[in-house]
Structures are given as C-alpha cells and as structure tokens.
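Here it is: the structure, laid out below.
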Amino acid sequence: MNGLTICIIGAGSSYTPELIEGFALMRETLPVREIRLMDIDTHRLEIMEGFCRRFAAHMNFPVTITATTDRRRAIEGADFINTQIRVGGNAARVKDEKIPLSYGLIGQETTGAGGMMKALRSIPVMLDIARDVERYSPGAWMINYTNPTGLMTEAITRHTKAKIAGLCSGGLFPQQWTAKALGVPKESVRYDYVGLNHMNFAYNVTVDGRPITDAEFDLIADRVWSVDHDLIRQLRVLPSPYLQYFFHTTQRVKEMRAAPRTRGEEVQLLEKEVFAGYQDPEGHTKPEALKKRGGGGYSEVALSIMKSVASRADSWAVVNVPNQGTVRFLPDDAVIEAACLVNSSGIKPVAIGEVPRAVWGLVSAVKNYEQLAVDAAMTGDRRTALLALLAHPLVREYELALPLLNDLLEANREYLPQFFR
Amino acid sequence: MNGLTICIIGAGSSYTPELIEGFALMRETLPVREIRLMDIDTHRLEIMEGFCRRFAAHMNFPVTITATTDRRRAIEGADFINTQIRVGGNAARVKDEKIPLSYGLIGQETTGAGGMMKALRSIPVMLDIARDVERYSPGAWMINYTNPTGLMTEAITRHTKAKIAGLCSGGLFPQQWTAKALGVPKESVRYDYVGLNHMNFAYNVTVDGRPITDAEFDLIADRVWSVDHDLIRQLRVLPSPYLQYFFHTTQRVKEMRAAPRTRGEEVQLLEKEVFAGYQDPEGHTKPEALKKRGGGGYSEVALSIMKSVASRADSWAVVNVPNQGTVRFLPDDAVIEAACLVNSSGIKPVAIGEVPRAVWGLVSAVKNYEQLAVDAAMTGDRRTALLALLAHPLVREYELALPLLNDLLEANREYLPQFFR
Amino acid sequence: MNGLTICIIGAGSSYTPELIEGFALMRETLPVREIRLMDIDTHRLEIMEGFCRRFAAHMNFPVTITATTDRRRAIEGADFINTQIRVGGNAARVKDEKIPLSYGLIGQETTGAGGMMKALRSIPVMLDIARDVERYSPGAWMINYTNPTGLMTEAITRHTKAKIAGLCSGGLFPQQWTAKALGVPKESVRYDYVGLNHMNFAYNVTVDGRPITDAEFDLIADRVWSVDHDLIRQLRVLPSPYLQYFFHTTQRVKEMRAAPRTRGEEVQLLEKEVFAGYQDPEGHTKPEALKKRGGGGYSEVALSIMKSVASRADSWAVVNVPNQGTVRFLPDDAVIEAACLVNSSGIKPVAIGEVPRAVWGLVSAVKNYEQLAVDAAMTGDRRTALLALLAHPLVREYELALPLLNDLLEANREYLPQFFR
Amino acid sequence: MNGLTICIIGAGSSYTPELIEGFALMRETLPVREIRLMDIDTHRLEIMEGFCRRFAAHMNFPVTITATTDRRRAIEGADFINTQIRVGGNAARVKDEKIPLSYGLIGQETTGAGGMMKALRSIPVMLDIARDVERYSPGAWMINYTNPTGLMTEAITRHTKAKIAGLCSGGLFPQQWTAKALGVPKESVRYDYVGLNHMNFAYNVTVDGRPITDAEFDLIADRVWSVDHDLIRQLRVLPSPYLQYFFHTTQRVKEMRAAPRTRGEEVQLLEKEVFAGYQDPEGHTKPEALKKRGGGGYSEVALSIMKSVASRADSWAVVNVPNQGTVRFLPDDAVIEAACLVNSSGIKPVAIGEVPRAVWGLVSAVKNYEQLAVDAAMTGDRRTALLALLAHPLVREYELALPLLNDLLEANREYLPQFFR
C-alpha cells in the first residue's frame, strides 16, 4: 500500500474538498499518491482543480492532483472510484421536489416520487461508470454517495460485477445521538441495524458492551432529529430522520408547501456562494458557506471505509450491500443498509437476530418500490415505473400515480433516453 | 359418515338460513343429522330456531334442530363448529366505520382502523370458543366466517390447537369473473393466489389447464368489482375488490363521506326487514330482503370445505391458513389466504412459484399490521395497538394514529375488557 | 376432452401393455383416441406394436395404435408424452450393479453410484426429448418413469420449460401398507410426505381424517418392505423401502454379493420370457411372466395423474416436482418427491409443517449428490462427477470414489458422448 | 477496563499455563487483575495453583491467582468464564476411542460416536455452569474450549441466556496454511468460511484483498494436514483436517486399529510427564513435554476474542455461534462455526454469498446428528441418542448403531445420570 490512486467522478461537486481534506488528515494511515478529478462540467472542474491544488498545498499534502473529462482515463488503474454525480444538477432536483408537492405528496430528493426520478436519471449513468470500472479497473472499489445510494448500489450489484460500497452518513447517526445523550465516546457505541437507506432503524444499542437501559434509550430518543420523540419512545428503536416523511407525512407536506424555497432551491443559492469561494484565486481553505451546505459526514464515512478496505484492520460500519440472507424477509439480491464487517476482503453484513416487530412491513413495502424503480431505470419501461409508484407507501393511489408519472417523465425527458427512444 | 352434527355459534345471524339451505341441498353428499343453534342473544335465537325448523320442514330436510345459549353444550361432540359472531352487533360496526372516517381515513369493518377494532373486540371471544373446541370437541373443525377472518384464524392457530378454516367468499371471485368473461364453466378455472384476506391477488389463470391469453386477461379485468380496470391491466393480476381502499383511497373516503348512510347503517335497516320475515310464524322460505344483505357466497364456500373434509375427495379451495413457507417473505406462523388442497387430512396451502412483483411489499405491510393487531387483542396492550395502526398502510401517521386509537378504544370500552382492567 | 393423443417414448419396454390396459380400463374418464409407440429399437417396437393392437382389440378398446422411430412425429401434437427409456438397456444396468459391488458398495440401478451412472447416460437423451416437447408440443405433459426419476425431473425442470411429472409408484406404498395393516380402504388414507425419490418418509398418517394411534403405527410398520421393523418403530416415520440401502448397507452388500444373479440379470432372463409372450402372434393377453417383472404400480400412478390433469377434478398424489419453498432446507429449484395437488393447472407440492427430525440431514446429503450428478450429466465434467460421488452418503471416501468413477465412465463410454469428446 | 477478573473452570487442565502466559504477554491491551482457578480435582488444582503463581511471578506478571472448588464463588462477578472441562477425564476419552473402533468405526473424541459420548457426558455439566453464569455473572462471557465445542455452544445457546463463544483453533488454520504457502503475513489473509466445528471449509481466500489464483490455491492445499492434497484440488475449498475421517474413513480406521495406542492413551502418558513438571516446586516455566501435548492454539484464539470483546476494537474471527440465517439451509438456532465480527457488542456471523456446492449436504447431515445429540444429552432419551447415531454419516447403519449405543452408554454409566435414573 505505498500510495493509492483515487478517482473522483463528479468532482465538480462542492463536496470534493472535504474528501481532499480527509485524505490529507489521514495521510499516515491511508497514503494517497494521486487524485484524479473527473467531471463533464468543464467549468466546475477547472475551478475545483485549481482550488484543490491550493488547498492541498496549504495543508502540505504532497499529492498529485489531475483533472480530466475522460472517464476511462480517470478510472483506469485507480484503487478507489468515488462517485458523487448529480444528473441534471440542482435544477432537476428542484423538479423532484416541486412536482410531487403539487400533488400533495412529499417532494424530496431521495424519498418518494422525487427519489424515484433521481434514480431514473442516475442509474443509467452509474451503470456506465460501473461497466468502465469492471473493464478498466477490475478489483477497484466504487465508493458511492450518489443518491439514492441504495438504488444505485442495487442496480450495480445486480447488473455488474463491480465492487461497490453504497454509503450514507446516516448509518452513524445513532452513534452520535448516543454519544451526546450519554456523554460517552462514539467509539464505545455499537448497535443492531435493519432496513434500507433512509428507511432504517437502530436498536440493541450497547456502550462498551453494556446494553443501554430504558431510561438511557429515552435520553437518546430526545437527540433524534425530525421524528417525534414520543413516537420513538413507543417504537423503542431509533429511526432514520427520513422516517419523518412516513410517520408525519401530512405535517411535512404542509411545511414544505409553506416554505419559501425548497431545499434544492436553497442549495442552489448556497452553491453560488461556495463556488465563489472556490473560484477565488487566493482561496486555499474551505469557504465559510460550505458549513451550511451540510453532508460533510459522507467524507468521514467514505474515508473510514477506504482505510479499512486498504489495510489489514477490521472495522464495523453501516453500508449498503446485497442482503444475502441477512434480512430474511427480503430477497437475497436486494440491497439493504446494514451493520457490516469491513476489511480487505470486502464488506459483509452481520447476522441480525430479531427484527423490530413494528417496522418490517414498511421496510418490505419500500424495498418492493425500490426493486421496481431499479427495473424501470434499467429498462425504460413506463409500466414498471407506474408499478413502482403504486408500490411506494407515499404514493400508492392510482389517481395520483398515473398523472404524476407523466409529469415527472416529461419534465426529465432530456435525462431519460431509456424512456424516450 | 352417517350423519354429522353441526354447531352454529352466532346462530342469530341473518346468514344462518343460508347454511340450513345448503345442508338441505347437499344432503346426499354431506349428510347432516343434527344442527345446534347457539347464540347469546336469546331473542334472535328463538326467532331463528322457529324459522329454521319451518324452513327445513318446507324443504323436507329431516334434521334435528336445537337451540341453546350454552356454548359448551353446543360444541361438545359436534363435527363442525361454524362461527359467525359479531361482538357489539351492528352498532359497533357503525362506530368502526364512522370514527376512522372522522379522521379522513377509510371506515370499513375489515380494512383499516375499523377492521382492527372489530378484531380487538372479537379475538378474545373467538379464543374462548376455540379453547372450548380444544377441550370438548378435539378433532372437530371450526369453520369461521367471523371477520376479519384472517386475524381470527391467526389468533387461533397461534394460540390454540383447534383446527380452523378461515373462510371468505372472495377466494372464488376470480373463478366467477373468469367464467363470466370467457363464457366457461367455473369448474374449469384455476389460478395461483397470494396474499391475505381482503389483500390478495390471483394470477396465472388457466381454463381447463390452458393459460389465458393477454386479451382474455383484459376481458376478465373488466369483470372485477371496485378496482379501476385500467389499473388492473397494468398490474396484470386480479386484485381483491378490497384493494380499492388501497389504490383509490382518497376517492373512496370522499364517497363514504358523501353517502347518506354507512354500510353498517344500511345493514341495520335491512336486518330489521329480514328478521321481520324470519319472525313471521307462517314464513318458511328465505325473505326477499335477504338478497340485499349479501354475503351468501360464504355458505357455498363453507359447505364445499365441510364436504371435502368429511369425505374421501380432494378439492382445491382458497382458505386462510398458516403460511408454513408458502409465501417465503412472510413468517411461518403468519396466516395467509391461499389456494389450498382440502381433504380429510386437513387444509394445506400449495406451493407458489413466482409472487407478482408489484404487490409483495403491500402484502408484507398489511401482514405486519395484522400480527401486531392480533398481539394487541391478546394482551390488551395499548402500545402494541398503536404500533399496529402505525404499521397499517392506511393509517401510518403518528398524528392520526394516536388520537384515533384513543377514540376507538373509548367507544368500544364495554367490549374490550383486556384494555380496561 | 374428446379423445387424447398419447405418445410413449421407449415403447419397446415390457411395461407398455400395462399402460394400454390402463387406458382401456379408464376409457370412460380418460378417453384416448390415439397411442403412438416410439422406440429406437425397431425389433422390440415391431413386436410391441403387434401385441398392443391384439391386446386392445381383445379388450374392445377402440384406439388407433401407431409405431414410429421418428421422435418428432411421435411427439408433435400429443397431449401426454410418456417416457420410459433405458439407455444402454439391461446390459448397462448390470454394469451399474456389478461395478460398485466390486468396491464393496451398494450396486443398484437408482441408489448410489449405479444410479448416478444411469443418470449420466439418460439425462442427455431425456433433455433432447424435453426440448422436442418444448418445440413440437408445448403445453403437453411429460409423464416420466425413466429412472432415477428425481434426477430426470430436476434436469428437465432446471434446463427446459417442458412440463413434467416425475413418477414413482413408491409414493403410494404408505397408503397400501396402511390399508392392509388397518383393514381400511386405500382412499381413506392420507399423509405428509418428505424427501426425494427413493429417499423419502411418510408421517402424520390419517384414516378418514383421524390421526392413527401409536399402536396403529406399529402395525403399519410391520407392513413396510425391506427396512427393519424395529428400526421403523424408533424412527416413527414410514421409510421408502430403498432406505434399506442406507440403514442396512453392510448387510445388503453382503446379500448382493452372495446372490447368484443381480436384479438386472434376473430381469434380462424375465424379459426374454415376457417378450416371447408378446411375440406370439396369437397372444392377446399379458404374459404370465410379466407379474414377476414388477413395477406395475407405475401405470396406475401415471394414469391417475393423466386423468387429473386432463379433467376438472382435483386430486392428491405423490410426484417429483420442483421444491419452491416446500422443504425449507433445500434449494427452490431442487426436485423433491412430495404430496401434491394435481389438477388441470398443474402439479403443486402442498406445504409441510414439521419435517421429521431424524432424517433431514440424510435427505440434504442425497440432494447435494443429486444436484451434482445432474450438473455432471449436463456438462460431462469429470470433476463434478467425482464431487457427486464424494457427496453421496454411500460412497463418500476418496479412495473409493476416484477409481470407481474411472471404471464406471470407461464401462459406459459409448453412452457418454459428453464425457468423451 | 481497569483490570479484568478471569475465571477458569477445569483449571486443573494442562492447558491452564498457556492461558496464564497469554494474559501475561497481553497485559498492556487486556489488563487482568485476578485469575480464579476452579476444578473439582483438588489434587490437580493444588498443583496448578502453585505452578501458576510461580510462572506468573517469573514473568513479572502482577496478578492475583486464587484457587477454589466452589463454582459459584469462582463465577460470581467474573468478566470471562473460561471452560475447559473433561468429564470422566482421559480414561473416558480412551473409551470414546476404543468402543467405536471395535465396531470398525472411527474412534475419536470429537468426531463420530466417540464425540457423541463426550457430548452426552459434558453437556449436563456445562449447562449447570451456564446457569450459574446466568445467575451470578450475567453479562459475562463464557469462553469455551470444552469439546465438542459446537455441541456445547448449541446446548447452551438453545437452553440458557448465557453469552458464550465456542472456540476452536481450527478456524485460523487456513490463515496459517496460506501464510506459509505464499510467504505472506497471517494478518493479510481473510476467507469465507462455512460449516460446523471440525466439519468446515474455507474458500474465497484473499491476501490483502486480492483473491488468490488457482495456482496459489494448489500451493495452499499442499499445506493442509491429514486430507489428501489431490482431493483438496478437486474440492477447491480448504477442509478442516477432521474431514479426513469422512473422506478417508476406511484408511483411518485401519491406521487407528494398527496404532499401538489411541491418542487418548498417548495423552495420558504425556500428561503424567507434564504434571511432573508442574509439580516441581522449583519449576516456573512450561515443561518441555507440553509441546507434544498440542492444542496451544486455543489460548491464542481465546485471548484475541477476549481482547476484542473487552475493548473498542472490531475484529474478524472464526467462532461457533447461532446461525441466525447465515447458512440458509440450516435452522436459525443451529450453532455453526463461522467467520464473525467480534466486538464489545458480541460475536455475529457475517453473511455468506455462495456455499461451496460440493459439501452442503455433508454439513447438513452432521448438523442433523448434532441437534439430536444435544437433545439426547438434555433429555437422557435413548431413542433420541439412537436417532443421533443413525443420522451420523459415520455410523448410520442400524445393525451398528443399536449395539454400539448400548456399549457406549453402559461404559459411561457413572457420568450419565440423565440416562440412568
């Protein structure tokens, strides 16, 4: 392991410097020799190349940083291929949010009908990338944070042999909640974990091996974001904050409709500010505005996974991986978000004893939607896309699903060649 | 098999004469010697005893008809125990319908929150009956049409050793639709069948062994009640009419709210009319009004099951039974509604090849609710009842589930000793 | 159903007249118009054509009997394709028996190393037939009694879409044992059934729905052939007589070695006698010697399956079919011998509650062998054939498996093109 | 973690000093404050107490060493309870070896009929210990090397709530073989692992994440002990050396019969020598003879497990644990030997993709035996013990199993109160 080569696809993303910073900080344990920035947006790529070089130099991080629009050249021979693409950019995201909302439905980039649209746009591109990895860098790991990460991972594991870790910072939220609530180090916390990306639950929390008490659970529940704390006390499991869209649907739709801007529109404004910072030829530190952008947890997770895979250590992490019998009520090839053992030989989910009795049906329902959405993205079949919306707990009604699908497909026509041949 | 003894629990039901008629018509193949009518409502029981005797005499059906309020005496030594009870009567049913509707939710006696209330009231009584069967008539079969029949069957199979066939006339609807649409005899039609009571799907339809064509499927789809025919053409499976509440929720709630009376209120009026007929001391045929009451299919199904179980014939029927591996994504002890082989040795689901890809998540979600509802009924635990409503696809939201549960429990206080100790 | 067309592949078999007789006797419920005899052995085919015509005429059975060596012509448009081939004839069978015996192992045409050789010879030919059925008579049913029937069925269901019922008369043995032991009609007896062809167990026996007592079980045990009755009393399940080779291995090998002739050699002698009878131009009834030939049960089973599939009746039968979740510890595509519901829509195994705790490991071990043997037959891969022998409980040792495989393959070289390309 | 308390049950074992040495060497990362030696053999216990104190002092290891025959006192408040008992001592072991051998069967202390006898003697005592742990030290971990370790672990996990790690040094053999064959550090090697204790297979070996080549596999195969290397090349998986008893049965029985002494008899001689060393009041280092005793790998595995459980690190290890869906063809509660994630929250098997196609039936067969043997040990039921022998691939024949069982039970009468009440 004398110097890894890292490829970043979608390097024009405002997140890229977080990764560069992570590599710099971990240079002792995860030695990186070369970082290849790849994007199809030459403008953003140029800005990022300049900034990253200044940033690395400022950190005294001796790494070769190159930029290219040639995907194959970026991938060939790399050890890790980080994928963080956004097909259609934030403009498409805003449509994902607004169109469902116009039907009175949750409008969100990963959950519900909006998440399906993002998947339909992104899966074909991600598949192309995965096939390049198979061909030009077999043995390399894809480290994905393109959302919805569970659907990307399922499409790629079902249709290619590329190795992929589907990441989400959410897998470590229960660790953070517990650490804060109980005043213990994060490293002392472990738990069982079941579900899918953004549809998951942590339970059987232990601190240094000791099961938490009921009173401690209640303290931790108070730290969970966005889901009612009394509800969590009833559930007795720690939900992903995205469960707010399932347990508080009407309330959230009301709030979303009342908001002056969608989250996507806010991000558009923020990104302008952030990129102004990156573009500053004197700038060599992360712009202040980046903090408001959020999502920094991803790079932390990504780096720890890359470190475990590239070393002789074993570690515990929450990753999106094929089920392979772990959750017995889901198909073997279904991708789940699971507590995993990560080491040089790969990423494998660990066995689950009891599944929390209150939530397995919801997990099944969303996975049914997900598998249909992946199939629709692969085939461009409208009927399958309709079945996916009908299977989604947040859509389900035919009177909504039919016109909503038409609207969404039309609005994304330019990014959906598979549907408009 | 020289003369069976039949026990009917809840014999005051307006359905009872349908059963008597069935036994009369099938006297050659299913010889019945004695029919014991049992009810706790002495008024209705008296009326029914009188009518049934006149009715049997009119049909020249030589059977002994007795009436009793003593459940043990009714059960002891009987071959079949028919259960058709309605705890709280139609007055409670009307509450099951109106309270959810006041929250903008489907108000229905088997589907949604109303169905759960009916289950919470009925399961303890049905369990008492099952324990009497275990004790006083082991080896006898319970033939249940108390709704929700799937939950009754699950409670009894999980908690007693009594043998029970959970019946619903819906299992034969696809046969009827196909026969009418294609002009073939019902007996020529077979199909695969997956799901739960009132949450099920028929597919792989054959006519005399020949798979139907796509065009024939479309013709059959046009015969399905209550679910949009274009939707069925997309699903490519034949749904239970109760799927209307899932695929057309908003529309149905609107219609229910606009209706002058709930179905329960209509039935209350009809029952008055029907019982006036039964009460007529000259009456010896079924009152005209009974036709409007509906549900006659039950007796047809019940009689055919009893005939198969009591003879050396084998038959195919749709019945609610423990899963035992048939639907691989549901627990082994979960009761499913399945195509079964019925004969003297019992009722066993037949293997299913492929489950329709569009609906397994919905089936899982409803089964998750059902298992929690059964647990709540058995324990009287409010938290479990709340989890059941949260798990139900038609409730799910915490802001609805919490006050709704309180309202429903309060309104049914007198029938819920397990919750109000 | 106005007149079926029956094709018999391997019609030169001495069993053919049993089928003809069956069709004649069942002409009311299973009306056959045409019987096509097909064989590659023109000599036997000619004899059989002559005899079958005389035999049919003698029974006043108005059916068209034709003979051909052209497989496609025989199959095209037929309703049922009966397959009863014997690749290599009885001469090869004798080798299947003698070679394993020379290693101190069970030498038998379906069980152990001999059974594997028969499978390696027969599967490629059976696959060719199945592909003809797919092409020239899709929708028709193959009714197979070519042994080992479980392996034939598994090869065909895994590699083609042809419909096939893998038959064995053994599935009804427990019915016969019970009827005789308890003096009840066979039709009153039902049971659970688990395992593979010649590796199976019946249990939970009922007579007219009543579970048998322990004392009755012991009486039935005394009727079982070839397996020690005290052993059966310990097992508390009724084993296939072929279990003798597993539970009494040393004893049976000793007896086989002491016998003046193998069963195959005896059959060779018998067949001469039987064919002399068929050849007699005056002969129009089954020769006396046929009784000693055995195996007549097959035609009974075959006819009852054909009748159920071709009518609107449902029936219970034991057939070899794909597992599809029935036996939860075996793969979904593994063929099992199971209690099935048979009707016009096909043959489906019924759910099994508890598997007898003493024998599931043995069933697994033999199924592991079977799947490897099927793979070896399909690919001609020596290594896979070796793994099959190593996986077989009756071989297992490397010091035996390696030379034994060589001997067996060499001795069958002319029938194993896939191994000697 | 400021000083752990270790309890050793069966501390009179000659292995105890290996553990003491391990604790001394790992004092930095696994700080032990107190070691409690417990045994019912006061003579050996006294010797061991004396030696261990001298040995610890010699290593400058500041630990409190106490000795007791009171199990409760030894267990109460301990962090780890090491169990290494031998009910009946080596004298019983010699019977386990000789009696099966007299029937021409493998005579071995963990495999075959001998292993069952050891289980029947040991399980009741181990259950008593586990119940003491439940009561007096809940939360503590049992670290078991009492053989057969898989059966001990299954009995305890099925019948108590005590936490237990069933250890065997064999789980790391493939790491050692690979390291030696390829000249790589052990820490760089990982693999998939399936099966049971002494009935297991490693495959998908990687070195620093790189899958080994076919040629490398062949080099590793040459390092495997006791199983024919050409056979391993055919299997393409690395077997436990105990597979010799299954794949080379006849050969091993012949060798065992020819040997002047059984392994148990050899150990008896060795132990005398070793204990002479321990008894020497001047002795403060491990006697030379201990090397010949073997089994030292246990303490290495035990210490690494205890370290992971007691720290915040995660590690990969092979341990005997409940299956919980990992091996899909075995029951959920069956104990398997599996690659696990070990950390403070416990020991969990990691998901397995493909099971090697050649060996799953053998694993099933042996697990069937194991579950019956555990049941027999718990109940003292002779019939269940007989079924266990019939289910064992190395016994199976009724003519052997019946007299063999009688001989074994009689010979062990004093240690089998459950069978001789």
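Going by the order they are written in, the chains are A, B, C and D; count residues from 1 in each one.
To be clear about the criterion, a residue touches a chain if its C-beta (ideal position, glycine included) is under 8 Å from a C-beta of that chain, and two chains touch if they have at least 3 such contacts.
If you're wondering where the values come from, they're calculated on a predicted model, not measured in any experiment.
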Partner chains that chain A and chain B have in common: none
Farthest chain relative to chain A (centres taken as mean CA coordinates): C
Interchain centroid distance [CA atoms averaged], chain B/chain C, Å: 43
Separation of mean Cα positions, chain D and chain B [Å, integer]: 55
Junction residues of chain B - those touching two or more other chains: none
In the complex with chain D, residue positions of chain C that touch it: 228, 231, 234-235, 246-251, 329-331, 357-362, 364-369, 371-372, 383, 386-387, 390-391, 393, 396-400
Touch list for chain A against partner chain D, complex: 1, 139, 185, 187-188, 190-191, 204, 206, 208-210, 309-310, 312, 314-316, 323-326, 328, 340-341, 343-346, 348-353
